[in-house]
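First chain A sits with chain B, and in the next complex the same chain sits with chain C.
Presenting the complex of A and B:
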């Protein structure tokens, strides 16, 4: 695989991960039920842990530790050798495992198209529809503040 | 493309396997010379025995530097497997390691190359995990010490042959010292620093 091929694969995995991490576990499970899952084994059982969230005041200040967040992770290997990793906020172990499985399938030449079309694309659509709806709701309550210049006397 | 394609998996059931392995190691340490079984199911990288793999998955973490002998580090399999599943750092300096995995016991380095701990922190010593040829057959070793009622008889093919002579430094070092866990397949025997050899059939 050439460098460009690798980069586009990586971009595809990144995009898939961005969708899956924000989707709910039940949604992913529902979508995965529609496709035939390849044989796979769990390389790393789902486990919970903490990550330190760091922030910067104003975006360019000194970094500080904001607090810790619970994260679940898992790793899955397909029978054909592809290894997928799943990380997600919260303690949903099954979600982490499903994300890892999707990640492995995205890498596999055989299942990449199917998982993209039947799992990731519908989830992405749903997610962006939800975001737009929220955006519209927020925009509807928008208030513009302005200061009137006080006249003389 | 991926480097994880050949990596053996970890415990199938993380919590229960780690608990039962911990129990086996604790029983072995409490009853020196007795043979305990490790029931846990885990993938095993080439060069490691089932028992030592289960001990690694149970006791190793990012705070425990690990030293590997030449047999264990012959290929990068063991080091990569340890790093993925336990995130323990593999170090080249045996004197700062918490655990040392010895695949070829015959070429065990001199014990003073490992950590003995300090008088304030005797727990900061190296625990040797030594893979041996048998823990049920071979010359007899009569052991005594805390945890043993009278004497205990261990029959094992232990190499190096002078292991217990080397471990006699534990007598003068106490409370510092070296603890040893002998592993053969899924059987483990612990020789903590307080255990002494009474007689050996070597």
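Presenting the complex of A and C:
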């Protein structure tokens, strides 16, 4: 695979991970129930830990440590060799394992189409609908200034 | 000094049992659930996450429940929990400029690109108790409007284009980032460490200090350049994956204070800045933090340090409510031996006093 191919594969994996990280464990499990899972083994047992979250001074300056967040991670390997990694905020270790499994499937020629169509696409649609709803609710609170004309025109 | 005293085991056990009973309250009243706390007391959860320095809504809700609503006790519980987990590493710095904004206001410019967005706010409410809320109140569905497809740049970025405001301090590649959970505080402290300290500092303490700067104790003429609240994506460079993996999003509040000018013979005058950032919707906290951040830059900006809010050793040593409550509340622990020695000394002093008085009286009588 050329460098461009690798970059686009990485972008595809990241995009899938971003959708999955926003979904709940139950939502992912519900979608995964619709497909026949490939044989796989655990590379890293699902585990909980912390990540120090960083901000930037002034929003765009030098970084500083803001505070930690709970994070779960896991890794799996498909029988066909693809290694998938799962990371997510929170303590749902099984969610991390499912993300790892999806990440491995995204890399597999055999499963990438199915996992995209049956798991990631519907979750993406749901996420985008939620964001749009929040966006519309927020937009209704935007202030429209107008100037009162005083006295005789 | 306090010493271990044996013999209280049963009393302690029964006291904790009584605590559990009292915490439950009237058992005919339904038990409060974690999702009720997280959904309906969400600003309390935000505060516990911010000062507990751990982003996890469910854990913060559990802490509030366990602490019977005592916020500092809840913060203490969360801090203690974080010591039980390994740290995988640090996130990429979050980009608040790409926040999915749910509230964004500026008190310096009326017409800002992206607009003034009030979002869910207590501002402009009349602060009258609402009897409707006592039970069974079903609020209206939120109003909706077409969401404009325009970005909402940070107000400080807009001012920065004309050089009217000082730029943020640049990131030095490979410069270490201070972490007060790993190294003990030492002074003088750099701004990264100060901001970490303020971010987890007690809201009440920072509010009082921020207020003190407005009242003249380290005055620096603040304007709320911008306050924004919303969702920000988090990424973490996972060594095993070999790239920055998305972790999901967190809610953050950011406050950019715009303060009075600085300038010199060689530099044109420009506004200075104070910065606040906190988990969840924590507006009062981030505003106070930004005021104190600016006050603590006195040394850097050649201002005379003469007020508490400008004294970094004073502020940073007293901002942490877990440390503070630990030291204040340890006074409750048995100090019997200490006190006995004080008592012995006092008795001796009183005896000496009585004897010298007696001697003086006898002297007087004799004269």
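In this text, the second predicted complex is superposed on the first by the 143 of 153 C-alpha atoms of A that agree within 3 Å, B and C clash if a C-alpha of one lies under 4 Å from a C-alpha of the other, contacts with A are read in each partner's own complex, and residues count from 1 in each chain.
The rule we apply is simple: a contact is a pair of C-beta atoms (placed from the backbone, for glycine too) under 8 Å apart; a residue touches a chain by one contact, two chains touch by 3 or more.
What you see is a predicted model; the values in this text were computed from it and never measured.
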{"item": "Partner chain in contact with A:10 - chain B first, chain C second, else both or neither", "value": "second"}
{"item": "Partner touching more residues of chain A, whether chain B or chain C", "value": "C"}
{"item": "First, second, both or neither for A:59, with chain B first and chain C second", "value": "second"}
{"item": "Which of chain B and chain C A:109 touches, first, second, both or neither", "value": "neither"}
{"item": "First (chain B), second (chain C), both or neither touched by A:131", "value": "second"}
{"item": "Which of chain B and chain C A:33 touches, first, second, both or neither", "value": "neither"}
{"item": "First (chain B), second (chain C), both or neither touched by A:77", "value": "first"}
{"item": "Partner chain in contact with A:143 - chain B first, chain C second, else both or neither", "value": "second"}
{"item": "Partner chain in contact with A:44 - chain B first, chain C second, else both or neither", "value": "both"}
{"item": "Contacts on chain A seen with chain B and repeated with chain C across the two complexes", "value": "44, 75"}
{"item": "Complex contact set, residues of chain A against chain C", "value": "10, 14, 17-18, 21-22, 44, 48-71, 73, 75, 85, 87-91, 131-143, 145"}
{"item": "Residues of chain A defined as touching chain B within the complex", "value": "1, 6, 41-45, 47, 75, 77, 81-83, 107"}
{"item": "Residues on chain B engaged by chain A in the complex (per definition of touch)", "value": "1-2, 4-5, 7, 9-14, 84-85"}
{"item": "Chain C to chain A touching residues, read off their complex", "value": "49-50, 53-56, 58-59, 82, 85-97, 100-103, 110-111, 115-120, 142-148, 154, 156-157, 167-172, 175, 177-181, 191-193, 195-196, 199-200, 233-234, 236, 238, 240-241, 243-250, 252, 254, 256, 273, 275, 277-279"}
